[in-house]
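Next come two complexes, and both contain subunit A; in the first it sits with subunit B, in the second with subunit C.
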Partner chain A sequence: MTETAPIPTKTQRASTLVLDGVEVPFQDGESLYQVAQRHRSEVPTLCYDPRLDAFGACRLCVVEVEGFRTPVASCTTRAAAGMKVRTRTDALEQHRKTLLELVASESRDSGDAHGKGTPGHVDPLRGYASQELATLTARYAVDGTRFAGAHSGRSHREDDNPFLLRDYDLCISCYRCVRVCAEREGDHAISVANRGFHTQITTEFGGKLLDSSCTFCGQCVQTCPTGALADRKAMRNAGQPGELTKTRTVCPYCGVGCSVDIVTRGERIVAVQPAMDGPANEGALCVKGQFAWDHVQHPERLKTPLVRDAAGRLVPASWDEALGRAAAGFAKALREHGDESIYAIASGRAPHESAYTIQKLIRAAAGTNFVDNCSRA
Partner chain B sequence: MSNPLRDMDKPETIFCIGTNMTECHPVAATRIKRAVAKGAHLIVADPRRIPLVEYAELYLPIRVGSDVALLLAMAHVIEREGLVDEEFVAARTQDFAAFREHVRRFTPEWAESICQVPAADIARAARLYGGASRAAIYYTLGITEHICGVDNVQSLCNLALMTGNLGKEGAGINPMRGQNNIQGAGDCGAIPANFPGFQACDDPANAAKFAKLYGRPIQARKGITKVHALERATDGRIRAMLICGENTVVSDPDRHHCEKALNSLDHLVVIDVFPTETTALADVVLPATAWGETDGVYTNTERRVQRVRAAVPPQGEARPDWWIVSQIGRRLGLPGFEYEAARDVFDELCSVSPIYAGLDWDRIEDGAYQWPVPDRNHPGTPILHVGEFKNGRGRFNVISYRDPAEVVDAEYPVWLTTGRRLEAYHTRTMSGRAAGMDYLLNEETVEVHPDNVRAWGLSDGGFARVTSRRGSIVVRVEATPQSPRGTVFCSFSFGDVPVNVLTGGGYDPVTTTAELKVCPVRVEPCAAPVPTA
Partner chain C sequence: MSTPVTDDDILARWRHEPAPLLPVLHAFHDRDGFLSEEAIRCVAKGLRIPLAELYGTVTFYHFFQRFPPGKAAPRVCDGPICALHGCADVLAALRKDGATPMPCAGRCDEPVPVLVGDRQRVADRDGRLEDRATPLPPPRPDGGAECVFARVREPGRATLAGYRAGGGYAGLQRAVRELTPAQVLDLIDASGLAGRGGAGFPTGRKWRAVAEAAGGPKTIVCNADEGEPGCFKDRVLLDHDPHAILEGMAIAARATGATRGFVYLRYEYPHTQGILERAIAEAEAAGLLGESILGTGFSFRVYVRRGAGAYICGEETSLLNSLEGKHPFPRNRPPFPVTHGFEDQPTAVNNVETLCSAGPILARGAEWYRGLGMGNHAGTKVISLSGDVRRPGNYEVPLGLPLATLLHGWAGGPLPGRKVQAVTMAGLSGGFLAGADLDVTLDEPSLRAKGSFLGAGGIMVFDDTRDMVEVAAQAMHFFAHESCGKCFPCRIGTQRLTERLERRAGPGDPATWRREVEDIGRTMKATSACGLGMAAPLVTESLLRYFGPQVEAHLRDRPSGGEAHPA
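On to the complex of A and B.
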């Protein structure tokens, strides 16, 4: 997660603390992690998502605070005036590396072609945050061998839903999925069972998501830092060649206007991911916005203009012929039946440029206001 | 919406009426759930026990089409119990005296006889809404798709005005728009009453302005709505029609009437991305670029103007709508259709629309603006009506309850109400072609209360024939307490269950919006349909 905490506004009294030797301001209620992140101290985390309440589970974000006997988790420690905080000492880095070695011992080979053989590496199509563990194991040069042994989490291979791959073999028990479902979605569809090596993310009665209160919004997938929860639909495109590119746009379904990134490889759409900084949705999506995107390159798309032939069948035509026929029909009606004989219905699904040109066409061609859109039904 | 989406966790009381938000605007609903978790009072009024009810402090299961009665009685209690914001009413509204006198007649006990919810609950709703320092109303088509849709909306306005819940954070009247750019279609002037930017057509100055811009005289009076246009197609006064991106045949009420209207035309041109029941009736079908292939602009439900971007090349020979329409314009010999890119069109819109005057293609890059943005130095308007109303004072409307166009009787004894489901979108031209959606929802059902299933001789999972004054459909039965006794529900998403064969009993006299939420029907057991094809 790269989102930064808001900068204190002038109306809020800013106190200061010393961060790695530099005096910096903070606002009441901020955590040390938020302060550090805003000042670009690269404090690592795995259980942190800026949209969720701080959880303090992974302990990677520990920092030293002068006067404190032991390092503290920066995500759950409130900033206080005059604190002297160190985020990058040799002891902290060694501590973090050891913790990561423990985490990496949990991680197993994802089987993904992408980054094969490196601990934590998974195909980025698995989800928005799926590269977080792999990025940290690379940064700290960690492999999974030092504490190799028992694992927690067992993949739920019986769940045949088409959207959410429940590959819990890769789970590191950060609980981000559980927390996003409860805190952001209010659905409480998933929970944690057992402790220690028996820890398992699960639904009520351990069944399929379809039989739970899950709405398939995909938020658990997109916050998962290891790809243990993965976008199964996107993963079907894992073999698609080409660079992975993201294009920022807005969801085509309801009127909320959630920002999304269309993920493409070459000329194929391979996934949709939420835009964490989308003003309307702040990273949230629903099942349609998240998973119902493949109509775009569906084989049933209309690909050529069609005109009705003498036998009454719709047959393919050139653009020139079809546009000529389209215009001629309107010209004939105007000529023979007057200005009030033509009408247009614009779309509530198409962009502004569609609706604007359609209303202009009617007003410029007929001089009437005989135009509407589909808002009445 | 008068207020922004990010305001949704700020009200002390949230009043959701006629909005199945968790299914139709799921991401907005997450904000309501979070507000409730933080302690907001949630009132839900809806004939169906929709999922949002599980989060509500107070649920009002009103009879379909009885909203005005409920809202009158709430106004009555607010007035009777001294919850009127007298300062706001005096400073910013007009015609309150007549309204105050009017609502004194409509007690919760009176409303109980119409709405079929306890008077005490209506009074409690009024106190929760009227007693809050910040109370927000959210509604959707459950309010507007009635013969009294305008009355319903104005009744909500009355409540907000009398309690001072407009022009401030965490308050307001917030219609949740159902389609990605339905707000934008209105913004652009694709409506019979307004030029772009909601400049009234019946104002001669506006007609003159656009006559000059578009190069020919334009009538200084409102055009006609789609419903009237379809009537005029049937009787031969309208001869040629352009339909863009709408499966009119399936989505509109009274399907048989609609098909007859479109078949009566001399000339029907349809622009769309898929073949539909509507393109099948066209003389010319023009293939448009789809979402993900098109650069352009949408306006969302909170009036936020946002860019959409092409990520992949078009399928086949598909072209953007603006190009297609401009080519028709040029072939009709019209000036002003020489656009080279979507940005040319949008920038022209900004130049003719006062609410977009401060915007252009580059300035909306980050989606930072909510209209109106009257000039370049304006930050946009997240909250409407702060300090003043655009037209002076907020006017109270004296409104009375009317029965729906058709009411239940011996022949059609059951209320049918229609709507949408989470896992399908409208007529499924898009969501029905997305792999995996079938796993969640693969056919339409009629939702019937378990007691009614037994009483009417139906079986859960069996089939029923549902018949209205206009037609009949066969649909699988789903027994669920989500439907109240005596009311059944269907969505219009599945082509093999064309529920709009049944609907269309009446229209709002002002907007001609169809009463899609109320349709008396008869429900009878029947054999499974014989598959076609």
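On to the complex of A and C.
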């Protein structure tokens, strides 16, 4: 994952260290990984998510520090004044390639069409971070033929929840899902069972997510670097032709103002992904913002206004007719019962523009503040 | 005794004690024979631990059983030495009782140990079980001076009266009544005492760091999670000299300002818990532990906590996580336990043998202890010697003693007509030494020059009838079984190396095989997060160094299936 740590300002205490031969400043408390990232050293990692405590599992981010006997994980090592750090030596790059070959050897083929032939290839609709492994295996020219042996994960195909695909055949045990669930969400719905090569991501007693304390926020999906956890709704659109486009917007479901990217292919919405740089959410979303977008393209969604006929049945009508009928109704209510007889509630599923318009209408036309939104937080 | 123990009884008993999770889980495990879903739910609620997290943690330990027959079913040691002594026969004989294997249970001087409920018994090949006391160390053959074993063979040594009759607690008295904490630290520094659990860190420096660290309460942890295969030295001290451990802990507390201590005892020594608890009660009653020790303002309480089967919990930061009731992954260091240990407060984690040395050093002085070593090496080290020698057992050797003297002089050499083919070092973690490299002295500089290390002091001997590739395969299987699963190089690397040694997967061509094994080993040594992953490849490295032709023959004779086996 990329990260933009703030550049030290003059008022903060800045020390320097030597990074790949260049003296660079850092802030107290920064890790070597953060310093390296800021200076575009492209240190690889699979277990790092800038929102989580550094964990030090994948060891891809190891760097050489003068005076240290062995390489250190840059994510868990704090920068110290005067350190001489090398992020890319032949020995480090060889360790990284070996580590990636080991990782590539433990998971099965995803079966996805996207990027076939690259170890770790998965459809990008699986989740926000899902391309991380495939990107690194391509960068290090790992062909997936070395270190053959047993596979480590076991997919939970029996978990029939509608949101999260638990495709642990692709799991590499970085535990980002477990950590985001505990550290960011406070849900503690999943954990690590067993030891060593037999570790598995598990709920309590190995049951289904629906029976656990999972809130289906989807954060585990979006931090998974291999697509082992995938967005089931998005995956209905996997493997189809056409470019994916991301459009930044704000989730309409409540007042928090989480930034989201609407992922579209052509005219269709195919997924929603959290915006990691969203100022209100920093990548967090809840089940509604993450998964509740089906209604937009639902086949039973109204496509034309309906009005009631003389018998009280709803029948299709033109916009002019429908708006005329509605305006007449409002006018009658105002006339007969006064300004305070109208109260409008906008739907959380409506776009922000509609919510804005409905409050404008009530305030301007009725002259009251009798307006609300169904999911006001 | 007939009143049933309720869930509430268990929680009420432990809830307000420090480090309650392990004893609570053991109480349910003991009462029901296994940890039921209801019990885990009850513990999660009672101790306010998220249910999924507790479930995951329970599954980490291999002795916590989730289903009947649970802990009643025998566990048979299949460690490297027991493998030479027919553990497979024992396992077969006890299969009818639901027996399953367990990793080295620390009785390599008297195989084959079998854990049945809360008793460690000894089996013959037919599965006949016997209760036997932990063997005492053989007398030092050259009559030289010992430190921790000097009085361990005296009858009644495990009782307070017996311990005091031999001059016990004189060191503590001196530390409390005659010396300031700073003087105790100076004395330990001057003695040259270093960690005897494997890492060899100077004890005085560790204690000083805790003494100088801000915050508290401070804690002394006695690491009695002796899990290294081929190591059974702490067991003899725990069983026969418990007061020496308590005295050492109290001296450490006096030096550092610690107010509480834990003995983290491995599951495989069930009888030892009672021995320790009796010793603590005796010492507290005599004013040697607890409130106001020896009538001074110095107070220090010691608690026994029993592990549940996980080699990694011998790693100090895993041990601390385990004590705290967390998932026992190792922590990232720095910060180190001396500043951020138990509950993030300053903590000294010391091995049993290290702590046992403190009392005699305080009583007899730093010079005396230094002088026990040979040449420039300070002090002694207990070596657990096992395998193909005539007199296996624990030997307290002066550091710097030639390995050949121990093997051939003290332990009687190989069995008649056999030759020593190889020995392991540091239990399994130091890999093998063989050939000309057997000409070493027992101290870290000498052994590190050979690419190995002394570690906790387990030495297993394999004579010329043994298949070293098979020994290496069993060793790597152990490391894979015990890898915690946190860091990639160890989690995947130990698995791949095991598969290659066992010929379950991997290339058949010797050159390709060697390249894969060497590449995995090199990256494991350089990038693993803790000592387990860094040490495991010493097994393959030394195997290839000394036994290249045997490896090639092994590859030739046992073609790999060549396909991946499911996990």
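Methods note: the second predicted complex is superposed on the first by the 298 of 377 C-alpha atoms of A that agree within 3 Å, B and C clash if a C-alpha of one lies under 4 Å from a C-alpha of the other, contacts with A are read in each partner's own complex, and residues count from 1 in each chain.
Assume contacts are C-beta pairs under 8 Å (C-beta built on N, C-alpha and C of every residue); 3 or more make two chains touch, one makes a residue touch a chain.
Keep in mind the model is a prediction, meaning the values are calculated, not measured.
By the touch criterion stated above, A:I345 is placed in contact with subunit B alone, subunit C being left untouched.
By the touch criterion defined above, A:P25 lies against neither subunit B nor subunit C after alignment on the C-alpha atoms of chain A.
In the overlay built on the shared chain, the residue A:H95 is in contact with subunit C alone; subunit B does not reach it.
Of the two partner chains, neither subunit B nor subunit C is touched by A:P50. Annotation for subunit A, partner touching more residues between subunit B and subunit C: B. In the overlay built on the shared chain, the residue A:T76 is in contact with subunit C alone; subunit B does not reach it.
When the shared chain is aligned, subunit C comes close enough to touch A:G149, but subunit B does not.
Residues common to the contacts of subunit A with subunit B and with subunit C across the two structures: none. Subunit A contributes residues 46, 54-60, 62, 70-71, 73, 76, 78, 91, 94-95, 98-99, 102-103, 105-106, 146-152, 154, 172-173, 175, 182, 188-199, 202-206, 212-213 to its touches with subunit C in the complex.
Contact residues on subunit C toward subunit A in their complex (touch as defined above): 37, 40, 50-57, 59-60, 62, 310, 312, 327, 332, 334, 480-496, 499, 504-506, 516, 519-520, 522-523, 525-529, 534, 563-567. On the side of subunit A, the complex with subunit B involves touching residues 161-163, 183-186, 210, 215-217, 233, 245, 247-259, 262, 264, 267-269, 278-281, 284-289, 291-298, 300-308, 314, 319, 322-333, 336-337, 340-361, 363-365, 367-377.
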